[in-house]
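Here the structure is laid out as structure tokens; the discussion comes afterwards.
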Amino acid sequence: MNAAILLLTDSRLPAGGHAHSGGVEQAVTSGAVHDVPSLGSFLRGRLHTTGAVATALAAASCAFASGTADGPWAWDGLDAEVDARTASPAQRAASRVQGRLLLRVARRLWPSPVLEELAGAVPSPHHPLALGAAAHAAGAAPEDAALAAAYHAISGPATAAVRLLGLDPVAVHRLLADLSRELPTAPGERDLPPSAAPWADLPAHSAPALDVLAERHALAQVRLFVS
Amino acid sequence: MHARAALATALVAGRTSIPVLRSAPPLTLRQTGPHSVHLISTAAGPLGGDRLELDLDVAPGTTLELGSVASTLVLPGPGESRTLITARVGAGATLRFTPEPTVLAAGCAHRIEVGLTLASDARVLWREEIVFGRYGEQPGRCHARFDATLDGRPLLRQEFTVGTPALDTSPAVYGDARCVGTTLIAGPVPLAEAVVADGVAVLPLAGPATLVSALALDAVALRTRLEWGESTASRGRPAGPV
Amino acid sequence: MSADHDDHHHAPDGHGRALRLGVGGPVGSGKTALVAALCRTLGPTLQLGVVTNDIYTTEDADFLRKAGVLDEDRILAVETGCCPHTAIRDDIAANLDAVETLENRFGPLHLVIVESGGDNLTATFSRGLADKQIFVLDVSGGDKVPRKGGPGVTTADLLVINKTDLAPLVGADLDVMAKDSAAVRGDRPVLFTSIRQDPTAAAVAAWVRDQVQSWLHQHH
């Protein structure tokens, strides 16, 4: 593992992540998440659905950034693969905002042509694209990007729940510690496919409850978190 | 058992005809109207080990409505059962695919793969419903993968897995629901922004299509929610109470 | 935000962009009232944008839009995820993004005002977000507040003590407040206002105008 990935997974990275709850705020409002066990169940579901998609796409982005995936594909093609896997417009918007803010930070931390290329092709890229490209610019490998994406899928929502429900932060970190055993050690379920169809076959796990939560949140009059 | 059924439409003198209608038991196809066909199950299953394939070719400018007369009960058997459906919908063609639900009986191990290839101005309504076991039954395992491309660009890719209780009951995934369903509506609809109601979301996709996504306790409620979402999409505003 | 959002990352040195003014202070001290007053007074001569950081709703942004002091598209609201001070100090990304969005849409601007969510006496703006900052207190908390200090009171470029009209009602001694402020702030300025009585906040607006002028002089 490359040490730079620690910066990308640190919740203190100033990339706007603190204002996103990944659906937890609405799940708290609806009562579906109300204590440590229900949060644990929420996080596990999130990790293995949208988290698995983000993980695979971040790894693909890192591989693409490193130039190993050659073929007629481009950043906007990879971005379209995330779009196709994100049915909820509110989740697409949240992903693009976080991607844009991360890309902004990464361009200052690790100036590199590949980040300029991404910003030029897709100014508000989906978060996994920004994360994968940033990981590459920082010197990390696709496996590192995958790990960072998977951790991102649960760490932000966990912190949001601590704030919203006043849960014992140690109990919540225990959940993260347990879930960390389920984090991927390789990108996605399958290995990155060879150049024939680099992205079509990547995981596409849906989380229908998250879609409903995300759209309800976007319509809420009163909310603390962006998503 | 390995069965391959196929259906193709053609435009003849400005009308849809169905020159290819090849049944392969247990997938039996019956024409029930000028451009409507029903799937009639002529055996139980699929059972573990079965591989059922259906290929649909909806020619440019033609219309096809495909339904089924009964739900599909997926049963256990030696190995995994698989259903593979491929559909190509040509320019200006219309496809309405509304089969009855797939019910995952206890102990089954099933895979569903759907590949939809749409021309840019194809109009499609594609409904899928998965029921987690018969009444009071724990479902077997299922992995469904759905890929739709429009003009060669990805439009919708989604996967559902059922049968891992820790994930199925997650409030992020299915919560306390016992069925999941989606309807993809490709082609212009007047809906600009997402609409949500209890257990159902009507989601404008990034491409020119809308996805109705629903969860429910039983198949009847699921169908009600999906149909509500479908009419919400086609009216462009919430279609009254669910 | 869509994929076709323009790429508009500014150089961090501030060259060629608007002055970014943070307005912070405790809940209810009159930050939004002051922002509205500044828009009213400076709007006719300066190109402005406003970013609000409400804790819970978009109330401040809605208030400003309704007040009609600024074209409503020039007011953006940022959500802060339970942590108003994080959004202006530790993780300023969303605020920077909002500021740059305004500059990109309506630029060149002279001044972008960022109102923080009401917080406590320790909340100050990061220098990466605000070039200058105003800390707004009011008299109703009692005349002891400036004495307590805290980074907002001591380091803000301008300390505004608002609601002087209420001083007699709450028994706050403005002289004590002035003396205590001077003690912790050295020669950094302090202004007393009553936006109730002077909805143009003339003295504060004059200070802001000076800051904008010297900013434009240095960076354009």
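Per-chain numbering from 1; labels A, B and C assigned in written order.
Methods note: a contact is a pair of C-beta atoms (placed from the backbone, for glycine too) under 8 Å apart; a residue touches a chain by one contact, two chains touch by 3 or more.
Which chain is which protein? Per UniProt: A = Urease accessory protein UreF; B = Urease accessory protein UreD; C = Urease accessory protein UreG.
Here the structure is a predicted model, which means the values were calculated and not measured.
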Leading chain pair when contacts are tallied as C-beta pairs: A-B
Of all other chains, the one whose Cα centre sits farthest from chain C: B
Chain centroid nearest the full-protein CA centroid: A
For chain A paired with chain B, centre-to-centre distance based on mean C-alpha positions, whole Å: 29
Rounded Å distance between chain B and chain C, as computed from the means of their C-alpha atoms: 54
Inter-centroid spacing, chain C versus chain A (mean Cα positions, whole Å): 33
Residues of chain B whose C-beta touches two or more other chains: none
Touching residues (chain side chain B, partner chain A) in the complex: 145-147, 153-161, 166-167, 169-175, 177, 180, 182, 193-196, 199-201, 203-207, 211, 213-215
List of chain A residues in touch with chain B within their complex: 23, 27, 32-33, 38, 41-46, 48-50, 80-81, 83-90, 92, 200, 203-213, 215-216, 218-219
Chain A-touching residues of chain C, taken from the complex the two chains share: 1-9, 12, 55-57, 78-83, 86-87, 90-94, 96-97
Partner chain C, residues of chain A touching it in the complex: 12-21, 76, 79, 93, 96-97, 100-101, 104-105, 107-108, 119-120, 122-125, 160, 163-164, 221-226
